[in-house]
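As structure tokens, here come the structures.
The two complexes that follow have chain A in common; it is paired with chain B in the first and with chain C in the second.
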Partner chain A sequence: MDEKPQRFEKLDREGIGTSSMSRQPMYKHLDTETGKRTAIRRLLLKPELQDSFSQSSGLPSLNAAQEEEEEEDYYGVPCMTIREVSLLKIMNHKNVARLVHVEPDNEERFLRLYLEYAGVDLTTFLKENPIWASDPKVTKDLVKQLLHGVAYYHSVDAAHGNLRPHNVLIDIDSSKENVQYNLLITNLQLLPDTLQSNYKAPELLLGSKELSPAADMFSVGCIFFEMLKKKPLFETRHDQIDKLFRLMGTPNEDDWPGVTQLYGKKLSEYRQLKPKNLSKSLFLSDVEPAGVHLLSKMLCLNPNKRITAADALKHRYFADIDPEQQFKTTITATASSSASTSASVIP
Partner chain B sequence: DYDPYNPFSLSEDQGLKTYLGVESLFMATEIGEEILKYVRRRAQLVIFKYSKCENFEPIIPYLAMNYFDRVITKENCTSDSPRCLDLLALCCLTLAWKMRNQNFTIPKLQAIQPDLHAITRKEFHAMELHVFKKLEWELRAVTPFCFLRYFEPMSDPICSINRITTNKI
Partner chain C sequence: IVSAFDSEIDQVLDSDMIRRFRNDPGFVSARVEAVNWILTVHAYYQFRPETAYRCVNYLDRFLLSTTLPKGKGWSLQLLSVACLSLAAKMEEISVPLLLDLQTKEPKFMFNPKTIQRMELMVMAVLKWRLRLMTPFDFVHHFISKRSSIGFQSECDQKHV
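Right, the complex of A and B next:
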């Protein structure tokens, strides 16, 4: 792209976290053609490194020096990169961040993907807008938009694979009488905060490497819980399985046929536990029963029985949302209290 | 996963309208000049020569030609050397292959076609990126095949399969 070298302007004051790939701070970039904000995702053009990154998202184990030495070891553009970029190119949904622009870096060692960015990520949203975020209607609206986006991913035969609050962006539009929230799913590789909270599905934790729509839905369940309780469901990475089994019961052949054959060795390390009442053990008594039911369906251990995004949208939890009003949640009383936060967010 | 017969993974009722709307974006501008016709014929030869393999899929050379036509009509490369044009055609082929088959790698192709060892890794890499840039990463091409499913119910299935094979050549 020789004709417009300066299309994207770095917004130095708008950092969004640390890149898990380069360990450098990441900034938003202004698209000077459209005036919209974008964030960069990097894809390496070296296949063997690409693999190691996709498997350990957020935990890069390779150091920079090692990468330098393997300079001659690439061979054309890796298959997965091609597939991912060409897929992102055709994706077009209001709840999925668009791919605005692709360019290789000067040495052609990685690609920069400029992805649409709006508002703040979910973690920041929950922290900065405690009042709005506690409104059950807002939660319902946001979960619904999240599911719409995820359902779109699945409808084009793709799985997101890295759903976490960092990759869920929320743009608050308070310019109208009804405050509107627009949710965007993006896919940036950011290092998690000091808290290494985890959103991975049990089958991935038990050793499966397959990214599946069902695994995405488990992550949606974790995010749903986080929206309800303002804290991650699994706060640490290392004992997630343990906590999960204590909550949902240790999987057995009755509720997950074939599980012993798949992960029997790993499972034998855990005690046999019975599932608990979700509402009581997660302190969800203030949440409507339909919401708890939907959450339990999303956190279902057996990926084959876990609810799909399309089915979740038909769940009775969303029954009381007026279809025409689904993206307009009325909040008048609290609008003024948080207006200052939202003003800095909207360009 | 990528299905060349339905590149945007659309359901049957949405598909027709969308594909009709965007089809022209994936068509090369008309090839009028005599020299381009020659260049295209040469590319066809290259692509067909190297696409022969065990599990041959006709859609792969077809996609490769679609990429090639789109690249060649976007730039003036008649002045480029024949080697450069051959490499361009070859990279269109490797990219089409990679889109279709996840396990495809250039070393595997070189194992079957030893004369390709004359091309260095850097050359492959640079040319593939060049093709991407020209195609603006739109590799999920909308081709006449996307419309097949709308015609198939109307015609005898054997007849339509025959048409695919004749279209190739």
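Right, the complex of A and C next:
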């Protein structure tokens, strides 16, 4: 974050969290060409640097001998970096943060991706706007936008892989009579908050390494719950599986054929439990039944049976929203508008 | 498939530029040589046909938007290696090391650092638009259309 180009100005007061890669605070940057806010994501150009990079604080600079060695087995710019950037470059959807600019740092150790940033992240939104956030219509509108963004990712054969509240940005536009919310999915590598809340799908927790659309949908389910109840579904990382099985039941061959073969060893550590009533055990009695039903489809343990983003959008939970017009609340803009920023509405 | 076309606009080669280059015999023969080397290495590693298409597309788009230093054969060779490496990384499941990629008697050898720098330059010049439609995508598309009438094919899994 040392030298930055003229085009982007660091907005010192607008920190957004701590980078999980460099363990340094991250700031928003102003794109002086468009006047819009951006956030930086870094992608390594040398994957083998990852370890020394994440230990950071006493960051050992690579000595010459090590560098010589690297030369021998060198692949150049990593595959994943190339694929990811070229994918982000063609992404064009109002609910997905645009890639504004890419540049390597001076030593060509990593790439800086300037991603569109607007409003505040979901956690901050829920905290700062308790009244708006408690409106079931607002929740429905936001979940729908989230699903539209995720469905777009999946429609271009991509999975997001890191859906969590800090990657969901909400911009409140209270300039008009009807308050509008615009949701943006981004992908910043930030450290989780003090709470080690978790949004990973069960198949990933059980050992699968494959990012998939289905795994994204489980994360959407966790985020959906968080919007409904203003707290994470799984507050601690270590007992997530335990809590999940107590809720959804321990997976067995009947509802997830092949599960024993895939994860049998790990599964044997858990007791056989039966699924519970979601509405009761998650205290969702104030939520309309269709919403609870949709949530249960998203949290389905078997990734093959989990609802897809496209199907979720057709779910009856959204039946009462006008499909053409985005939902508009009638709350006038007198309520707290501290979080509102320049709108990122894309025509 | 319509959205796929939208992303194509950047990848169309400017026909005026092509005409100008066609009249430059030195350029044409240098390009032919570069493409021949690419195809030889492509065959050696048994890359997928898409990789060759991509690679030559990157090469041409780069050549049309930037001028390489004249009379320096190494620059075109460096460009070829970088494009081939990028194309392989976009398309192939396993990619050879940069040193191994420079096989089949290239006129010049480059160290991996130089190639990485060139890769970055190529991507910047192409505005990072490395995803593109290839004729092969149409084949997959039509096969998948056909398979929906009851024709089983392994290609359709990916594209339906």
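Just so it is clear, the second predicted complex is superposed on the first by the 296 of 347 C-alpha atoms of A that agree within 3 Å, B and C clash if a C-alpha of one lies under 4 Å from a C-alpha of the other, contacts with A are read in each partner's own complex, and residues count from 1 in each chain.
We adopt the following convention: a contact is a pair of C-beta atoms (placed from the backbone, for glycine too) under 8 Å apart; a residue touches a chain by one contact, two chains touch by 3 or more.
Because the structure is a prediction, the values reported are computed rather than measured.
Overlaying the two complexes via chain A brings chain B and chain C into a clash.
Look at A:102: by the touch rule set out above, it reaches both chain B and chain C.
In the overlay built on the shared chain, the residue A:283 is in contact with neither chain B nor chain C. Once the two complexes are laid over each other on the shared chain, residue contacts for A:87 go to chain B and to chain C alike.
Touch criterion met: A:77 reaches chain B and chain C at once. Residues 45, 72, 74-77, 79, 82-83, 85-87, 89-90, 102, 104, 108, 155-157 of chain A contact both chain B in one complex and chain C in the other. For chain C in complex with chain A, the touching residues are 3, 6-7, 85-86, 89-90, 95, 97-99, 111-113, 115-117, 119-120, 123-124, 127-131, 158. Chain A contributes residues 1, 45, 72, 74-77, 79-80, 82-83, 85-87, 89-90, 102, 104, 108, 155-157 to its touches with chain B in the complex.
Those residues of chain B lying in contact with chain A across their complex are 1-3, 7-9, 11, 91, 94-95, 98-99, 102, 104-107, 121, 124-126, 128-129, 132-133, 136-140.
Residues 45, 71-79, 82-83, 85-87, 89-90, 92, 99, 102, 104, 108, 155-157 of chain A are the ones touching chain C in the complex.
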